[in-house]
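First, the structure itself, so that you have it in front of you.
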Amino acid sequence: MKPRHKKLALIALIVAAIGVAVALVLNAFNSNLVFFFTPTQVANGEAPISRAFRIGGLVENGSLKRQEGGLTVGFVVTDTAKSIPVSYTGVLPDLFKEGKGVVAEGKLGSDGTFTATQVLAKHDENYMPPEAASAIEQAQKSLVK
Amino acid sequence: MNLYRYASPSTFYPLAGRLAPWFFALAFILAVIGLYISFFVAPTDFQQGEGYRIIFIHVPAAWMSMFIYIVMAFWSAIGLAWNTRLSFIMARALAPTGAMFTFIALWTGAFWGKPMWGAWWVWDARLTSELILFFLYVGVMALQAAIDDPRRSDRAGALLNLVGVINVPIIYFSVKWWNTLHQGSSVSLTRAPSMAHIMLWGMLIMALAAWMYAIAVAFVRARSMLLERERQASWVRELPEGKA
Amino acid sequence: MLTANNLSCERGERLLFRNLNLELNEGEALLVRGANGHGKTSLLRILCGLSAPASGEVFWCGESIRAAKETYGKEMAYVAHSNGIKEELTPLENMVLSARLCGRGLDMETAESALAQLGLARCMDLPSRVLSFGQRRRVTLAGLLTAGALLWILDEPLTGLDVSGVAMVEQMIRDHVAAGGMIIATTHHALELGDLKPKTLTVGESA
Amino acid sequence: MNWGSWSDFWQMGGYGLYVWGSFAMTIVCIAGEIWFLRRHRLQTMQRLKRMNAWETPT
Amino acid sequence: MKFLATVIQRDILLATRRRGDWLTAQFFFVLVVSMFPLGIGPDPAVLRMIGPGVIWVAALLATLLSMSRLYADDHRDGTLEQMMLSPYSNIVLALGKSIAHWIINGIPLLVIAPLLGIQFGLAGKVLWILMLSLAIGTPILSLLGSIGAALTLGLRGGGVLITLLILPLYVPVLIFGAGAVEGTLAGIGAEANLSLLGAFLVLSLLLAPWVSATALKISLE
């Protein structure tokens, strides 16, 4: 009997340990553990203050402004709920477009503007010929109407 | 019993020798078809223009890097459980190819990331865990190379493989679990692929070519290892290769 | 008590021995013979459970020693090439510690008398670092006396011992077997064992 | 057919460096692996022959 | 249970007899961390930014430095074989050796770390989080490192090899450990990182001794 009890106790211990580990992992994923923060998180004060971090979201349509004669650009990053203005001096990646995904690294100023030191384009996992893409776009527009 | 017969080196050696050229041929044909589709049939992408064509090697290489590790771990587990020499040899024969595909996945990823994202490298979860996979491959090979006794070397490497296999699901699911810069997977079992069909076909054919190549190379390497290991055995001495 | 069926052993690419069978009962001794590199030490390591044979199995009281680690570990004592002595500790500490690691208590008097019996009365409290090789060998053998094990597996127990040491080991072996113990030993020297007629086993002839 | 001319093909819509850089490295890796594999096999074979010749005196 | 206690006591006793070796790893830790301000310059903002990472990386390296000798000494004088033959499970042996390693090498790191943190301009709550993250993280380092030590037992160049094998496995500990401290510095809390570290600790407590015991068996054959 005794070795059997030992075995049962061992199994119980293992199950309990795995349970604890899973609970801890789930707890971690409820909090934020991320490559970038969304504008909503920034607005809720979950992002670091006075330290470099990354924000991610979509470039708001019609928000891209280039300063004349320089490489400085301004645009707004949004996650449709909240949005944050970003200014950046440098070369933008090819995939940087209004309405597309972007991840910017930099600091949040006291005026609420995010000064980026690096801008990365985040593209989605869709690949298709341009005709197909425009067809889908048309279809979505007609659905919205 | 029958299985044991195939697991015996003296049966495997000639069998692998006969099969390897076929796999090489298949790999070559598939690669030619795949490359033709990649460059001449698949259309330009709506977002990334022609730059997306890196996908035709990046994704197959990344798949192979993870898949080969899993296969290696599988053979390692079999070897440790049943003490079959051939499975250790298979695990060893796969490691360099796996490391090569991991390197290709990292390299092509960098060459794809630079124009599209705007950076050669970022430390997000997907990229970091793939880099760790590369280190794991190198670590296993270094450990096996450092141990002289073949039996210990096989088993120690196998154990390390099994420890490292935890990393594979982390790589695969990293894009789901964390906000990464890397896009999600285009191909998934649970939903329709988010790719135009012809692009998908090109990618799948290239992946198949990579498979065939990996199998062929593993066979050839396993054969060389067997010759080295078992040069005392009578079946090796009777091989025509050994005759002067 | 101890049986081994069909053992074979490979080292590197070499087959050291194949289809080796042996049986040993209480009050019996077995001398393992064979030239250098023919697998004497490998056989002993298989018999004590440190390495696994390429085929075959070792049984203790009918149970495989891999399954019976708990009982076998208590009833078997192994003296290897290396002494298993910590240089930082004194012989006394070494003995007490290794007894505790095997789940036995060992009081000081028993340990001291065992050490004294092996002629180490003067260096019990010196760190083992300062002892000569032969003296360290004696500490290991003193551990054997207090281990209370039924089966002794001795790998070249005479290495480094002087004439009186050799005689002492021979006496220990005779006493142990006379008391119903079992011994498996390898040695290059001829052992003077009196009435005791050990079995012998030669390994590595087939190679 | 996507390409009007060979130079179009090599330029890859401006991504020539990246696309060809990736493919070139892949080819280098595969060619290297096959070369190493061949060499390893030939070496093993040679050693085997030498051993056989030595052990079976003719 | 008694066996576990004996193994731990034994290693601690041996460490007290060999204080020179024991101090080397701690000095290494202090020295590596202190090199960074000298190499990078005394700008407090920069130092505060790199502090957690530097301390964690140094802790990793210091652990690895002492790790390669975890089983090697016992292997050389034959005591490891004797312990493997004892009537108790080798898993308990590996667990005991790892715990002893943590007590001997991990706990001193925890104690020194806040002092080094002050060098890097960390203060108050951040120091506590640093200690907490090291308290959860260093046992993982000892447990995982024991696998590497067992695998490389008796190999030439084992010290370098163990680094190559084990550092990749240490990466998550580094990321979450340093992440917890940086999260506190940045004002977004350390909870997520600390609980991941905790999960990792539980899992490695469960698996690492078992793997180490298997590795020991393979290496001793």
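A, B, C, D and E label the chains in the order they appear, each numbered from 1.
We take it that a contact is a pair of C-beta atoms (placed from the backbone, for glycine too) under 8 Å apart; a residue touches a chain by one contact, two chains touch by 3 or more.
Please read these numbers as outputs of a predicted model, since none were measured by experiment.
Novice: Which number of steps is the smallest that gets you from subunit B over to subunit E via touching chains?
Specialist: Between subunit B and subunit E, the shortest chain-hopping route counts 1.
Novice: After subunit B is dropped from the contact network, which chains belong to the same connected group?
Specialist: A, C, E | D
Novice: Averaging each chain's C-alpha atoms to get its centre, pick out the one most distant from subunit A.
Specialist: Using the mean of the C-alpha atoms as each chain's centre, the farthest one from subunit A is C.
Novice: Relative to subunit B, which chain's C-alpha centre is the most remote?
Specialist: Between subunit B and the rest, the longest centre separation is with C.
Novice: Would you mind telling me which chain pair, A-B or C-E, is linked by more contacting C-beta pairs?
Specialist: Looking at contacts between chains, A-B has the larger number.
Novice: Just curious, how far off is subunit D from subunit B if you go by their C-alpha centres, in Å?
Specialist: Spacing between the chain centres: roughly 16 Å.
Novice: Could you grab the centroid distance between subunit C and subunit D? Build each centroid from C-alpha atoms only and quote it in angstrom.
Specialist: Taking the mean C-alpha position of each chain, the two centres sit 56 Å apart.
Novice: Which whole number of Å gives the spacing of the CA centres of subunit A and subunit E?
Specialist: Roughly 34 Å, centre to centre.
Novice: Counting in whole Å, what is the centre-to-centre distance of subunit B and subunit C, each centre being its mean C-alpha position?
Specialist: 48
Novice: Enumerate the residues of subunit E that touch no fewer than two other chains.
Specialist: Each of 221 in subunit E touches at least two other chains.
Novice: Could you pull out the residues of subunit A that touch at least 2 other chains?
Specialist: 29, 33 - these are the residues of subunit A that touch more than one other chain.
Novice: Looking at which chains touch which, would you call it a line, ring, star, complete or other?
Specialist: other
Novice: Which chains touch, pair by pair?
Specialist: Contacting pairs: A-B, A-E, B-C, B-D, B-E, C-E.
Novice: Provide the residue numbers of subunit A that touch subunit E in the complex, in ascending order.
Specialist: 14, 17-18, 20-22, 24-25, 27-29, 31-33, 46-49, 51, 53
Novice: Help me check something: in the complex, which residues belonging to subunit E touch subunit B?
Specialist: It is residues 147, 151-152, 155-158, 161, 164-165, 167-169, 171, 175, 211, 214-215, 218-219, 221 of subunit E that touch subunit B.
Novice: Could you pull out which subunit B residues touch subunit C in their complex?
Specialist: Per the touch definition, subunit B meets subunit C at residues 148-151, 229-232.
Novice: Which bits of subunit B are touching subunit A when the two form their complex?
Specialist: 43-49, 51-52, 55, 115-119, 122, 124-125, 177-181, 183-186, 194-196, 199
Novice: Per the contact definition, I'd like the list of subunit C residues that touch subunit B in the complex.
Specialist: 10-14
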